[in-house]
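Some structures to go through are shown next.
Shared chain: chain A. Partners: chain B in the first complex, chain C in the second.
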Partner chain A sequence: MRQHQQTRLDIRGVACRFKKPLLLLVPLILLILLQTLAPAVAQDMSEAEYRPFPKIGSRNAAWIAAQLHLLFGSFILGVPMFAVIIEFIGWKTKDARYDRMAQEFIKLCMGAFSTTALLGGVLVFILIWCYPKVMSKLSGIFGPTMIFYVVLFFGETFTLYLYSYGWDKMQGRHKGWHLFLGVLLNVFGTAIMFVSNSWLTYQTSPGTQYGKLSDTTRQSWLESKLAQNPGMTQTEAMEGITDATVIPLHNETTGEFLATVWEAVNNFTWMPVNIHRLIGNIAFGGSIVAAYAAFRFLVAKTKEDRAHYDWMGYTGNFIALCGLIPLPFAGYWLGREIYMFNNTMGINMMGSLFSWLFIIQAVMIGVLFIGANYYLWSGMGRIDGAQIYARYRPYMIAIIVICVAIWMTPRTLSKISTSSELSAMGGANHPHLGLFGLMTAKNTAVNIIILTTFLSFLFYRRSGKSPTASWKKVGNIAISSIFFFSAVSIVVIGIVGFTVPTDLRVNVLTPYQVLIALVVMVAVTIIDIFMYRKATMSGTIKWGEMTDRSQYVLILLAITFTSLMGLMGYARSGLREAWHIFGVMQDTSPDAFTPLLSEAVNIVAIIMVIFFALVGFIFWLGLWGEKKKQQAVPTEMEEAD
Partner chain B sequence: MSKTVVKVASLILMVVSFIAYIAGVSAFPIASENLLPWSVWFIISVVVNIIVWSSVMKLLTFSLAVIWFYAFVAGLVPESSTAINLTSLDWSDPESVAEQGAAIFNGKGQCSACHTVDPSAPKGRCPDLTDIGANAANRQPGLDAKTYLIESLYEPANYLVPGYGKIMPEIWKAPIALSKLEIEAVIAYLQSQGGEIDPTPYDEPIDRADPGTVAAALPPLLTGDPALGKKVFVSAACISCHAVKGIESPAAGEGSQDFEVVTAPDLSEIAAFNDMRYLEESILKPGAQIVSGYGAVTVKANGATFQGTLVSQDTEQIVVRTKKASGEEEEHTILLTELDEEPIEELANLKANGYFTLTLTPADADASVSGEIVEETEDSVTLKVGDGTQTLSKTDVKTLLTIVNFDGDEIVGSVVSGTLDDDELVLNVDGSEEVIDTFDIEDSVFTRAFGKKLLVTSPMPENFPLLLSVSDLSNLLAFLSTLTGAAATAEATPADATETSAE
Partner chain C sequence: MKRLSLFTTCLIIFVGCWVFLRFIVGSVISVPIPGSVVAMYMGLILIAILVHISVEDSRFREFLRPLRETLVDDNRRVRRRVVAVLVPLVLLAYTYSIFAQRANPPGNPRDAHPSPPLELTYKDEVIGKMQEVENPFRHYEKDEPEAFKAHVENGRRVYYQNCFYCHGDDLDGQGHFASPLQPLPANFQDPGIIPNFQESFLFWRISKGGPGLPAAGTPWDSAMPIWENMLTKDEIWDVILFLSDYTGYQPRTFGEGH
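After this line comes the complex of A and B, so read on.
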């Protein structure tokens, strides 16, 4: 009887184990079918340039589906990255808490994974239906990469299954192999993102530098230029062309594609977007996990649960911070590349149509940094012996608030000032505060915020610990000096930035500021690690004793990250203006204009509500499954007995 | 029970007010008065929800409030729309056209990103356009306000305001890509800035079907009388240098004494092969494009100076045609290597001044560097030296001083110590130091480098357009536009026939 029951349980277990993968395969198959058939379908429908989407319009439909797909995609790419890191830490430290948390992350990923695939399918369907010509053009160029994408998707899907369902089985001596699967999962995920990034970055910057082109493409480009300009000699055509010159990958008159698939992939903004998104995914994934932990913390019934989710929230936020700190640098690089690709596009981005969007961005990033610092300071409240750092808090708050205010300063006030205000100011810029609207002031402010946040983290790390290293005094002096002199250097460089030409500031001074901030973080971390290597614990961390307010901050950070991604998605796509492929394929649909910022943010708000509703549903499913599992285990045990 | 009602009511109010705010619904009316905007209803409901609900619902309320907050902040900042859909312009109301132009100027056209219309504004990337409607008429000789604006919008690099660079994109091309109607509206807006709006239609000076070209064959911008233009052609002494079938060249001494008579291109068929843009530019800026074989040049080679017409040029040699006082013409073939190096006082705009090789000595080097000029910036110059290139600073170079004393002797050397303001000056002349008494110096020249120069200029006087009135210019252009060859033949034939029959 007992054996019979055991067999029944095994069968039920196996059936349960395979039901989820089979369900996950449904959207995957849909996606593969759509993506494989896309070029052919688009070909058949190529007579129609556009088809309207009922009620909300084609652009809004594509926008909402794309942004939701991207948000879920970011989550399922970001979460496995630190799941692997945390699993590795747990394996090395033999602390089962890390392993449990990493597994919990991956469980969250499973639900999000099928939603991502489903949204991807919906997006492809909308694009093919509403924009057949655009899809025909893009699939004509990127056809091979789309097949590669499907292969990678298969790889990612099955690796995720193996990684998730093999978690309990692959413990002990198989742990190394399990970690390898985790790394492989991230490789697949990152590759998938890189491939899809190539399509959308190509739409924005369909060109690359002359030095990166193959000889065949160079020849094709030259021939097309000579054909467009009868009477022009080769020498004249090549006049002023250097390896750094941006070359369009299309015949500028006919729109014919002249280059190779790789050159289209490796377009001007591809790598900056890849890096920006890679780092952004880490920050976003961390913040969503932290928000999940905050939610679980707030509804937790036991002390143990509160302690566990407090710790999970801290870890998620820590990882989000690790991503957030270098994110402005990656963003700066991307912005610079956009300027280099097309100066008008760059001016449009920072000084024209989207200039006020970057003020909103500054508000959001200000909220992120202030929130992240607040959470760290709150966290220090649950550590004995952390009070000694409380005296620095008011100064750090002041520095961050001032820097955020500088970052939020608009360059010109012409659009929000009355004529009497303008004449009182003597122009569109405030005579004194107007200086803070310049990029050199903003870059300085960002670097100082980053250093201050890093200092907060350093204090948090040191809380409750007493260093035993004999050179601790020298070490502290060294760290203080590094902070002081680097901050002074960054400010001085910022002031010099007001007096030098733009080229020098953009290419030399700003990178120096970034370099100083990075060097400080690396150098101080190294010194601090060695100084606190054998530190004695003067107080313990009382996990679970965080305030509810701090958990709301974690949720605020997650929503802000998500809103920021939505807003920047609007900016990135909007930069193309009335072009599907910039300068090559014009948007002639009724939507061929850039929507107002307020309209765009309303769409982003709708996307946020849908996203968090879906995420909430996935979290709820997880909770529900957990409860059912907890109830089922005693029942089965009773049956077995 | 009452608490449950409050809970449900506040929850419903929050969701409804959020949706209404995002959808831009007008405020809820009570007794035909707008009670409160939806944003206020939303804030009230959020506060109530946070008070009355427990943790999960509090969390949801907080999340929705954060999302709303960002939408609210974005609604406060100024914004520009590119949603312009002009299908026609109502010229019966020019002011409304100017308003549409203003919207494009500040939105889709992105003009306001660089241009200000505010004299008190600090200097921007591009000129301030206050009173441009009136000032445009004075910017270029021969161009009225509207024509100048048309030119400036379609081909912004043509007429740069001094002090501003070539940064304005061609707005009819990507990414701005304004339609003709949109550009017309912008022109109306610009004209409304201190001037009169001129609704006269114009033809675009571009070919939109071919983004690779800018100035296609187009009718002249200025309308004139060809018959009067023919008289201008003679009276302005164009005929002294340019031949046109059917017009007799005046005998020597009969033409204007202001110009030296030189060989210039035959214009009999000029309009058959060139668009009016080209003709207009050739008159307004004679040096902009020089017809091969007609450029004036002065070169020094093997110690002799050759001044004449550049007949041909290739990578190794040039052919210069000179004219002796007797009128006899002579062609000289000169290898580029034979050109003499000329001393250069200032290392600015070398290429623009015709220099193609350079020899200079860097301040920290003993030997001079010599080579073909590959690239030039404001501060440096890149030379082709051997198989590679070398970039040299324009400022850190050794300077030679050439001194002529009152005896007529010439001394050339690098300054070791002292200046021309001191009593004495030490020069390094061929390795040995010489002390110069500055009171003995009659003339001195600083030489920073040496270079070979080939500068081709137009023999047509640069000030030619200034000698013409606007009507003369438009008449002249109208006349030139008739010189298609065919027309000349057609005109000539009846005349010839008449003469023949008279005979």
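After this line comes the complex of A and C, so read on.
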């Protein structure tokens, strides 16, 4: 009887295991369909440029599906990156807690993986149905990369399954191979993201620099230019063209694609988006994991569970912080590249149609930094001996809040002022606060926030420890001096930034500010590691003794990250305005207008609600399975008795 | 001397910050700050206070102590009654202050900067792509300083014959005709104006004026005339040279990409 039951259970287990790969096949089938149907769809172009999506419209449908797919995708790409590092730490330190935590991360990932694939399938379906002509054009250019994507997708799927299901079996001497699988999983995941990024960045910036083009493409471009301008000589056509000149990859009259697939992939904004998303995935993955841990902490019944999830929440937040700190630098680079690709697009982004989104972004990043610091400071409450750092806290809060205030001060106040206030100011810009609206002030503020957050982390790291190094006094003076002089340098460079040409500020001064912040973090970390190498423990970390408030902050951080990704994703995509492919393929659908900020915010809010409902459901399933497992163990034991 | 409670200290800081922003910065140091911006800053200050008091349980309890005492302690009956009267009175005064305001039309909801077209034109002639067009006389600055000087002088002449009535003799947007205009003429002495734009953008704004502004981001309500109907192409380029020469700000240029 028991054997029969066991067989039934096994069959059920096998069926469950097959369910996920089956779901993963959905986008695969759709991609193959896309490849097969592309010529037919192309023939059908004149008949159906667009097909309406019922009730909510095509754009909203594609928007919601794409953003949800991206959020889940970001999670499942970000989590394995730090899971494998944590697993490695566990392996090297022989601390099983790390291994357990890394495995728990991957379990969360497994739940989200099939949902990501399913949403990807839904997105492809919506795009093929609603935008056949656009998809035909894109698949005509990127066909080979789509096949490569499918191959990578297979690779990622099977590696993830091997990595996850092989976790318990590949302990001990096989651990090295297991870690290799983890690395391979990340390689596949990153490659997948890079491939899909090429499609969407191409839509925004279908051009690349002359110096990067092959001779054949250069020739095709020249011929098309001469054909468009009868009477123009070759010398005239090449006038003013340098290696840095952005060259469109299409014939500007007919829209015919002139370049190679690689040139389309390596378009102007591809690499900045890749880097921005790569770092963003780590921050987002960390924040979602931290929110999950916070939830588990709040509902935990035992001391052990509270301690475990407190530790997990701390680790998640630490990872999110590690991603968050370099993220503004990567974002700045992306913004710079958008300006360089097309100045009009840059002005639309930062000074015109989308500029208020960047004020909302500043508010949200302010919330992230304040929240992350709050969590660190709360965490110091559970470490004996951390109280000595509490006296610096009010100053650090003041610095962060002043910097956030500078960052979120709009340049032009006309939209949020009455006419009498505008008259009193003498225009749309406040004569003094208006200076905070310029990028040199904002960059200065960001760098100071980052340094202050790093200082918080340094205090956290030092809490409960007493250095024994003979040079500790000198070391502390050196660290204090580094912080002081770097902060002064960053502020001075920021002030100088008001007086120099923009080119110099963007390409020299701002990178110097970033460099100073990075050098400070590296130098101080090295000094601190050596100073505290043989430190004596003056207090222990009482895991599990965090305030509930700090856990709600972790949940708030995850929500803020999600909404930030939604809103800035809208900015990145909306920058194209009424173009499917900027300057090449115009959007002539009824949705060819830039939605109001309020409408965009509403859509992003809906996406967030759906995302958290789905994430909550997946996490709940995990919890449910865990409970069932725990209940099953005693039952089986009873049966065995 | 009795030490102030944490609650009172926080209250004093909060009110002090408001007084500082509203009256010290808004009247003594600078011009008034719009109410919405003050509200934004006060929100941040409130968050800072909440962070400070709630990081540690002990501090949070200390902060709440006077509130708890006021609400439940038998010895604090007088204070409780005072608060019970004061809170509605403050709310009443606040509500009254909102309703008693004179009718005040909202500010102009225009964007910070209009979105430029992809192509730069002069009348119907296409000059080139907005991104690529450069001031044809800019290279004289290095190559032929005398010729450059002549173009700047011509730009000065054009400016004082046509532009200074609104943009002012110091290029600060304070011309004789400026005050009734809404929006006010651009202040070229502001570090956020000339350095943020390529010369092609400035050419576009001058040549097309208010009526040539894009449909997106309306209403613009700019009083700027269509200068291409009155000035030659070279005169517009010259006046741009003059603007940057006089203010010392260089228009935006781009280095190499990634």
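What we mean here is this: the second predicted complex is superposed on the first by the 593 of 641 C-alpha atoms of A that agree within 3 Å, B and C clash if a C-alpha of one lies under 4 Å from a C-alpha of the other, contacts with A are read in each partner's own complex, and residues count from 1 in each chain.
Here is the rule we go by: a residue touches a chain if its C-beta (ideal position, glycine included) is under 8 Å from a C-beta of that chain, and two chains touch if they have at least 3 such contacts.
Since we're looking at a predicted model, the values are computed, not measured.
Does the chain A-based superposition show chain B and chain C clashing or fitting?
Chain B/chain C on chain A - steric clash.
Could you say whether A:T115 touches chain B, chain C, both of them, or neither, answering first, second, both or neither?
neither
Regarding the shared-chain residue A:T452, is it in contact with chain B (first), chain C (second), both, or neither?
Touch partners of A:T452: none, neither chain B nor chain C.
Between chain B (first) and chain C (second), which, if any, makes contact with A:N602: first, second, both or neither?
After superposing on A, A:N602 lies in contact with chain B but is clear of chain C.
Once the shared chain is lined up, is A:N186 touching chain B (first), chain C (second), both, or neither of them?
A:N186: touches no partner chain.
By the touch definition at the top of the document, which applies to A:N342: first (chain B), second (chain C), both, or neither?
Both partners.
After the superposition on A, what does A:L353 contact: first (chain B), second (chain C), both or neither?
A:L353 sits against chain B and chain C alike.
Regarding the shared-chain residue A:G583, is it in contact with chain B (first), chain C (second), both, or neither?
In the superposition, A:G583 contacts both chain B and chain C.
Looking at A:T594, would you say it contacts chain B, chain C, both, or neither? Reply first, second, both or neither.
It touches chain B and chain C both.
Tell me which partner A:Q228 touches in the superposition: chain B (first), chain C (second), both or neither.
Touch partner of A:Q228: chain B, not chain C.
By residue count, which of the two partners contacts chain A more extensively, chain B or chain C?
C
Residues of chain A that sit at the chain B interface in one complex and at the chain C interface in the other, please.
Touching chain B and chain C on chain A: residues 342-344, 347-348, 351-353, 355, 414-416, 422, 426-429, 583, 594.
Can you check the complex and tell me which residues of chain B touch chain A?
Touch list, chain B to chain A: 22-24, 55-56, 59, 62-64, 66-68, 70-71, 73-75, 77-85, 107-108, 110, 112-114, 116, 118, 120-122, 125, 167, 169, 174-177, 210-213.
Which bits of chain A are touching chain B when the two form their complex?
228-229, 252-253, 295, 298-299, 342-345, 347-348, 351-353, 355-356, 359-360, 363-364, 414-416, 422-423, 426-429, 548, 552, 555-556, 559-560, 563, 567, 576-579, 582-583, 586, 593-598, 600-602, 604-606, 608-609, 612
Give every residue of chain A touching chain C within the complex, in rising order.
209, 240, 243-246, 268, 271-272, 333, 337, 339-344, 347-348, 351-353, 355, 366, 370, 373-374, 377-378, 381, 390, 393-394, 397-398, 400-401, 404-405, 408-422, 424-435, 437-438, 498-499, 501-503, 505-507, 547, 549, 583, 594
Contact residues on chain C for chain A in the complex?
Result: residues 25, 29-37, 40-41, 44-45, 47-48, 51-52, 54-57, 104-118, 130-132, 134, 173, 182-184, 187, 190-192, 195-198, 200-201, 216-217, 249-250, 252-258 of chain C touch chain A.
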